[in-house]
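Two complexes follow with subunit A in common, the first pairing it with subunit B and the second with subunit C.
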Partner chain A sequence: MAILDRVRDPGERTLAVVLLAPAFALLALIVVYPIGRIIYQSFFDARLSGGHGHRFVGLDNYRIAFHDTEFWTATWHTVAITLITVPAALVVGLGLALLANLPFRRRWPVRLALLLPWAMPLAFAGLIFAWFFHTEYGIVNDVVRRLGAGGEPTMWLLRPGWAFAAVCVTIVWKTSSFMALILLAGLTMIPRSLYEAAEVDGASHFQQFREITLPMLMPSIVVALIFRTITALQTFDIPYTMTRGGPADATETLAMLIHKTTIDYLDVGYGSTLAVAMFVLSLAVTTVYLRRLARTP
Partner chain B sequence: MADVALRGVSKSYDGRSDVLHGIDLDVRHGEFVVFVGPSGCGKSTLLRMIAGLESITAGEVRIGGQVVNALPPRSRDIAMVFQDYALYPHKTLFENMAFGLRLRKTPEDEIRRRVMDAAKLLRIDGMLDRRPAALSGGQRQRVAIGRAIVREPKVFLFDEPLSNLDAQLRNEMRSEIKRLHQRLGATIIYVTHDQVEAMTLADRIAVLSGGHRMQYDTPDAIYHRPATTFVAGFIGAPPMNLVDCRLDGDAADLGGVRVPLASRSLAGAARGAALKLGVRPENLRLARAGADIALPAAVCLLEPLGAEVLVTLKLGAAEVVARCPAAFREPPGTPVTLYVDPSHVALFDAASGTALSAPSAH
Partner chain C sequence: MSPAARVATGLPANPLAGRGLRLAAAAIVVVNGFFPAVWILLTSLKTETELVRKPITYWPRNLTLDNYLRAFTDQPLLRFLGNSLAVALASTALSLVVAALAAYAIARLNLRRRQLILTAIVASSMFPLVTLLVPIFETMRALNLLNTYTALVLPYTVLNLPVCTLVLASFFEGIPRDLENAAMIDGCTRVGALWRVVVPLAAPGVFTAGILAFVNAWDEFLLALSLNANASMRTLPVGITLYQGEFTFPWPTISAALVVAIVPIAVLIALFQERVVGGLTQGGMKG
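Now for the complex of A and B:
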């Protein structure tokens, strides 16, 4: 009761409010206000050049977006990149984590190698891979040629399908190490004795992986998937530096379309509408993941 | 059930420091053998080598007459109970116990029968749908034992299974394991650092120190006829008193006090040789009986245990502990006379620590 009395003490409550206020103020300033402002802006025609000034248009921007093929194409690219690169990065990352968890005599070079792609800036990775996939000077075509595949060199970044595949490969390379780091942390938490017990019980290596590693790694996998999916929905830097969204918008994502609409076309109202659409998409995916996470034992 | 034989089993890591040195040991069919020794003596490593969880550097391990050196754990038909229980946290108790049987493609109704039988035996049959996190330490250990039982293996291996439990639970589980052995008649190899567990559970005890087998015998022989000063000091609580002395004719000279060693053969001990005289605390008495000899001593410390009192006494230059009746209440500094029957005295070579003469009676 004494504790409750203390909490009910108005002085204490004031102190609590005062102590929490800076955090709330900061949160309001950098999260709540920008989101609110974007939602507000999405109801206006706010073209900075060639428009009719700042004019309230209600749901017009949303109606336009609904009939805008470029918006649906960019959304589909974003979803496709997410659906392809997130599971691929999970599989590659899991493989890398299992590899890094092997009893190497020296572990730090392995872990450093794992960290490097993650530490590299996204735009940097995009530029490097743009060179890798370069039609004439790229290492990819060089390897293909050396392996004996003759004929014309593939124009990786100039054909829609190949360009999309190249962007996905780059994203998987860049993001697998992040997955691997989270999964490696999870792997090191699994007690060695569980594998020994399973070995004595008669489990093969594959059965140990299926019966112990995977179920015990599930919380780490869900966390890694949440982080990776949210960042995949925001994909911008790699396709921007590799293809600028081309050829013919084949690799344009929602984030790139928002950037183009707002920065290149100076259409802040419609850009905000697209940003709200991306926000809703991210929110929906996060909610699904968090519900799944809450169910994980 | 099967017998286990170790022949010259050695272990070294990276070919450098030896962890185990040529261990020879036979475990008979249905026998309960305990490996006991201090931390780092190699007892768990030896058990893990029998299980197949550690490679064997040299020597041979046979289970049921078959050399198993090259066999993986799953092909050795053993079951192991781990110190940290090693229960699969995401599986229910039933699934934990059934796991090994399912991997061996045992029919589902047979699995159910065996798991239920083991669960009833271990009194965990009412909680088989729970997960390990919902159990107490003692219950988890029961599940770990149940997981071993359902497999009906040739040999059970226990790696310090009680060391994570509190004292009371440890005593209860110790009795249960003993009862279980009596009921199943299984071949069990059990590792512990607790000499009370070793004494109470074992048919035979292997005392290990520094990777060497110091003695392998029945608990009775280990207690009353220790082969080395290490065994004498490790087994027994409080341990055997070891007092420096010299051989003087047919007596041990404790610095003025002579303990006659008549009718003992002391092969290899020359006159004046440095010896250690060993006597268990319960064999130092405050009242004369029979052929006892008298030793002048002084009380140093009293440690009452309720049923008895442990009295630390100054005997010449040494300190010894005597187990005395609870009524003994002489204050520190009081001179007393200790009585010891010379036939209860063990003698060890002071340099090597090996026994020269065991007590002739106990």
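Now for the complex of A and C:
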């Protein structure tokens, strides 16, 4: 009976342990163990195909990565995509949020227009925009032609530079609506009285934007930026569906290289080494952000 | 028009001009959000001969539903839909249960390190999923779980744990403790009070977290592509991507399949817009 009593009215401590156990068990299985595992595996020659076995090779995988131009190119693409699309999505998202914050009689069309790109799988955005950028039958080249730009149609997804640009445009479209939703929530929290007071003081619209809107919006901007940067470093779906990383690896990201090495080549050891590199990159970015966050009052 | 709105875009105070600009603003947002989906809908209704005509047509000349027929017969689209539904529903249910328990402990019990516990759960969402791909693939392969629902349900549950915990914890905190205490004075046990008082009151929060988790799981691509490569086990995003052959891109069929795949998620968010927006800003999540 003593056991039953405990179950029917358990102490706070026991209850806490029981309630938190499933969450932490899952986190241990899917997050903590894998992190330990990739660090461990990165010191091994562990290819799942053929009879290579499992051989300790020390820092060999890291040495290989250091001289692997594909690794550096993919890392550079990842960093470039982050540096380009995160600020661009912030600017576009801020614009959309300011527009969507106007006092409309019916709010749902605008709200749904921000929600649809967010809710759609990244892979679908990639497919749809690949169709937009189609050389022969894409609407982008049709609009360019109608605007009177002569010459041959641009082969968007078949030229390295253009393909990279097309991938970036798609990412910005897909992610700016998430930014807009977060910023819109921030905008609606700004008290009207601040603007009314500024109006009385004769502040111009631009001054009001700079002195009230932007500072009051800062917390939302920081939150949106952190989440967006972390996901941008993992960019995979959109370049994969648009170009498969091509032409000639021009749009291959670190995530795509890890996927190719592990899933296509079944080279778990080297895949783990690349994953460690990705982990360090994200950790560095997150730390920088959190430091900044701690410094801003 | 409020000053806040006017300052946002620097619109003049004149109500007539304000109305015109407001419509223009709405048009920009609406076109930006809907155009890609509308264009793919128009593409899906065109015949194959019309699609390869130059210059391209904007409005379909001869409406046809053939592409939809082919979308379902060329690839097992219904099967993809079923797989996506099964995986998303199972992982949503599982993450709601696990997150509700954790959120209740964080919101209600007098834990000394509650902030640390919440941070630990949320921080786990900051780890890049790709780095976890390698060991998850290895583990599922060793356990013979590749090409099963389980292979995706477990990682998706963890993927959604932070958002669900955040949303639910803030909902639980909003429920007055007195209600629970009153139930306990009336003879309910703590667990009884949780079940009879807290759970019903938190239902809206559970629902919001559930929608976010569902959308997240429905959209996931990398793990679905890597763990369930078998054609009969693919989810929608992966299945539709693989309509294309090595050199062929059957755009009419892909468009039709895309429309079929976008409609369920569009209906879901259209029905529950306000909840989704509320949860999104509370939980902060994928972009």
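Throughout what follows, the second predicted complex is superposed on the first by the 271 of 297 C-alpha atoms of A that agree within 3 Å, B and C clash if a C-alpha of one lies under 4 Å from a C-alpha of the other, contacts with A are read in each partner's own complex, and residues count from 1 in each chain.
Simple rule for what comes next: a residue touches a chain if its C-beta (ideal position, glycine included) is under 8 Å from a C-beta of that chain, and two chains touch if they have at least 3 such contacts.
Bear in mind the structure is a predicted one, so any value in this text is a computation, not a measurement.
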{"item": "Superposition on subunit A - do subunit B and subunit C clash or fit", "value": "fit"}
{"item": "Subunit C versus subunit B, contacts on subunit A by residue", "value": "C"}
{"item": "Subunit C, subunit A and subunit B - angle at the middle CA centre, rounded to the nearest 10 degrees", "value": "70"}
{"item": "Touching partner for A:Ala65 - first (subunit B), second (subunit C), both, neither", "value": "neither"}
{"item": "Partner chain in contact with A:Ile84 - subunit B first, subunit C second, else both or neither", "value": "neither"}
{"item": "Partner chain in contact with A:Val200 - subunit B first, subunit C second, else both or neither", "value": "first"}
{"item": "First, second, both or neither for A:Arg37, with subunit B first and subunit C second", "value": "second"}
{"item": "Contacts of A:Met216 with subunit B and subunit C, given as first, second, both or neither", "value": "first"}
{"item": "Closest Cα approach, subunit C to subunit B, once both complexes are overlaid on chain A (Å)", "value": "7"}
{"item": "Overlap of subunit C and subunit B interfaces on subunit A (superposed complexes)", "value": "196, 198-199, 212"}
{"item": "Of subunit C, residues touching subunit A in the complex", "value": "1-11, 22, 25-26, 28-30, 32-34, 36-37, 39-40, 43, 51-52, 54-56, 97-99, 101-102, 104-105, 109-111, 117, 120-121, 124, 126-139, 141, 154-155, 157-158, 161, 165, 189-191, 215, 218-222, 225-226, 229, 236-238, 240-241, 251, 254-255, 258, 261-262, 265-266, 268-270, 273, 276-277, 280-281, 284-287"}
{"item": "Subunit B-touching residues of subunit A, taken from the complex the two chains share", "value": "191, 193-194, 196-204, 207, 211-212, 215-216, 297"}
{"item": "Residue numbers on subunit B that touch subunit A, as the complex places them", "value": "51-53, 72-74, 78-80, 82-84, 86-90, 99-100, 103-104, 131, 147, 151"}
{"item": "Interfacial residue positions of subunit A with respect to subunit C in the complex", "value": "8-10, 12, 15-16, 18-20, 22-23, 26-27, 29-31, 33-35, 37-38, 41, 48, 89, 96, 98-104, 108-125, 127-129, 131-132, 134, 136-139, 142, 145, 173, 175, 177-179, 181-182, 185, 187, 190, 192, 195-196, 198-199, 205-206, 208-209, 212-213, 223-224, 227-228, 230-231, 233-234, 236-237, 240-241, 254-255, 258-259, 262-263, 268, 271-272, 275-276, 278-279, 282, 286"}
